[in-house]
Amino acid sequence: MKKNRLEGFSDGVIAIIITIMVLELKVPHGEDIETLMPLIPVFLSYVLSFVYLGIYWNNHHHMLHAVQTVTGAILWANLHLLFWLSLVPFATGWMGENHFAAAPSALYGVVLLMAGVAYLILQQLIIASQGPGSIIKEAVGGDWKGKLSAVLYVVAILSAFRWRWISLGLYVLVALLWLIPDRRIEKVLRSEAPG
Amino acid sequence: MKKNRLEGFSDGVIAIIITIMVLELKVPHGEDIETLMPLIPVFLSYVLSFVYLGIYWNNHHHMLHAVQTVTGAILWANLHLLFWLSLVPFATGWMGENHFAAAPSALYGVVLLMAGVAYLILQQLIIASQGPGSIIKEAVGGDWKGKLSAVLYVVAILSAFRWRWISLGLYVLVALLWLIPDRRIEKVLRSEAPG
Amino acid sequence: MKKNRLEGFSDGVIAIIITIMVLELKVPHGEDIETLMPLIPVFLSYVLSFVYLGIYWNNHHHMLHAVQTVTGAILWANLHLLFWLSLVPFATGWMGENHFAAAPSALYGVVLLMAGVAYLILQQLIIASQGPGSIIKEAVGGDWKGKLSAVLYVVAILSAFRWRWISLGLYVLVALLWLIPDRRIEKVLRSEAPG
Amino acid sequence: MKKNRLEGFSDGVIAIIITIMVLELKVPHGEDIETLMPLIPVFLSYVLSFVYLGIYWNNHHHMLHAVQTVTGAILWANLHLLFWLSLVPFATGWMGENHFAAAPSALYGVVLLMAGVAYLILQQLIIASQGPGSIIKEAVGGDWKGKLSAVLYVVAILSAFRWRWISLGLYVLVALLWLIPDRRIEKVLRSEAPG
């Protein structure tokens, strides 16, 4: 019951974030194809952020699936995650409009890093609430993906000021790393319960 | 369970897309009826896109109704469809504000074509996941509607640069073609299960 | 099942409409209380439209509660209603920004009239789908409220061009008329089923 | 059934309010870090309002959990609460853009006060509908938190015109007061029903 409402609210917020992001793609005033050219970096950063939000929605979905009870701490950790995700459209728009300039590319990484940290906090709270034998704990194991992503975000933030394309490349790399849905949880869940 | 959340998220995104599209209808500054005149093409393209999104929501609804298990591939194919649908407000706004000029009308067709292709990919993945005797496969048959729509979109994109009204006429025609809800799936479902 | 998704989608669209309407209340640039003054008519028209959308959500809720099967025609009649409701923020913004001028006040009435007609069509289709002994039919009876509202809207649209305050007064009157939730359906439902 | 739709609609509206609020954080035109500086007060007021809306969502969630029947009066009291919450983005934007100037800070308090009053009305109606032995009544007791908040809002509104930082400090204080989820209801619920 409580869990349903948490999922519904999170889905609503993520659905709105993913969709208002497209409002940064402002309708150009000319009618020629060339008027679309300046929008290409805005479009590309939209694609990247769409994929990131899709990954978060997907993994959030898998993680909550294994939750039994929603505590007050989990509720707030979830809101904390949604807070950082809500800043993605701003960071995406700033990066896209400035053609991947240094500071906007670094800020984009900071927002992704904070969202990643918020996700980790939520994950830890869920593991703690499940006690020993936690399905999530077993599923994520040492969580090398989460740790590696955090390291790559930090490298990307620092490189943004000198080699911005490396920075952008790292954001794409982390997205690819996660694009594969978190089969770890799925696998453990399947071995626990039939169907 | 998982399916419910996929439906809920898709409904949320489609509901937001359909509604933010109306934000392109910017409140004019004058108070006379004449100030509404330049908005007429924006309004007409809004009506057309509203119908298209209604069709997608409707058919998506019927298709997911027949899905039993949601795989990772289906989740991402669904996000891919939502991605192209999220570009509809942009393409609609550009086309409407430029009174159905060549490039915007062609872009509108490209977005519709890509959404159509994304829908087909989703449909194929669902059919594949259902194995032999798939309800969806039986329901869509040779899928002449999907194929014809793709051909008509391509013709419309090409004609946009010479005969823009033919292009627009084709978009209206494809919408009319689909306005009839996909009774094929409904029919097969009804013959499978009573009630 | 199908009904749940129709309700969910309608709720989503109405929730978004009601909330994006507030975006017309643009943050003023000064920091004095006086800078809020020009926003007063925008605010008042927001209040009026918020009440109207609340009424629609409320009555839609009661009406769908009594629906057993959702046909294709009902789906499209529902989308048709949502279409006209989606134009409420535009009409509200235009009327508010022009301090209830003639044409904007008339347009506001046209949108309300069309939404009312769309609601009636939806109601008739639901009654038809329920066959003889329809709960909705019994509940609405001669539907004097719906008929009176339509007449008052027409009077309001016509008076907008001469006596705008009468026009506005009629919009407030119709809202008050409906503010009382549709107890008719509730009453009949209660007498049919215990609990 | 009815309750679910009330929760779903409220969640939708709160999710949209919380997310469109971020649209006030307008993407700056420069690409330097300094261009972000004027956005800092806008960002801080966004954080504050995000926390407030999180608190409302959280407590609304707990309160509705204990509701058995949704009357017409409860439906409208809920819409009344959503109305005041929908004004939070406007008040937040005005306060943030004017760096916590007097009138905007006072207006922010007025909106919070009205939302608080609307919450109290909703709470009283739910208690009344539950009759003697109401779980909510037992849970909130004398409701010192609600009463204290109202007093602090009034003090904050009045101090805004002389000592604006006291005013802002009081808004932060009230948020901290409520940040702790309403364990009172949780506690009573737990002692009533196992699980």
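Think of it as A, B, C and D in the order they're written, each chain with its own count starting at 1.
Just so it is clear, a contact is a pair of C-beta atoms (placed from the backbone, for glycine too) under 8 Å apart; a residue touches a chain by one contact, two chains touch by 3 or more.
As the structure is a prediction and not an experimental result, all values here were calculated from the model.
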item	value
Other chains in touch with both subunit B and subunit C	none
Interface numbering overlap (same over half, different under half) for subunit A and subunit B	different
Between subunit C and subunit A, distance of the C-alpha-averaged centres to the nearest whole Å	38
Inter-chain centre distance, subunit A versus subunit D - centres from mean C-alpha coordinates, in Å	27
Shared-contact residues (touching 2 or more other chains) in subunit D	8, 12, 16, 20, 23
Full enumeration of touching chain pairs	A-B, A-D, B-C, C-D
Touching residues on subunit D, where the partner in the complex is subunit C	1-2, 5, 8-9, 12-13, 16-17, 20, 23-24, 72, 75-76, 79, 82-83, 86-87, 89-90, 93-94, 97-98, 101-104, 107
Subunit D residues within the subunit A interface of the complex	7-8, 11-12, 14-16, 18-20, 22-23, 25, 27-29, 31-33, 36, 47, 50, 54, 57-58, 61, 65, 179-181, 183, 186
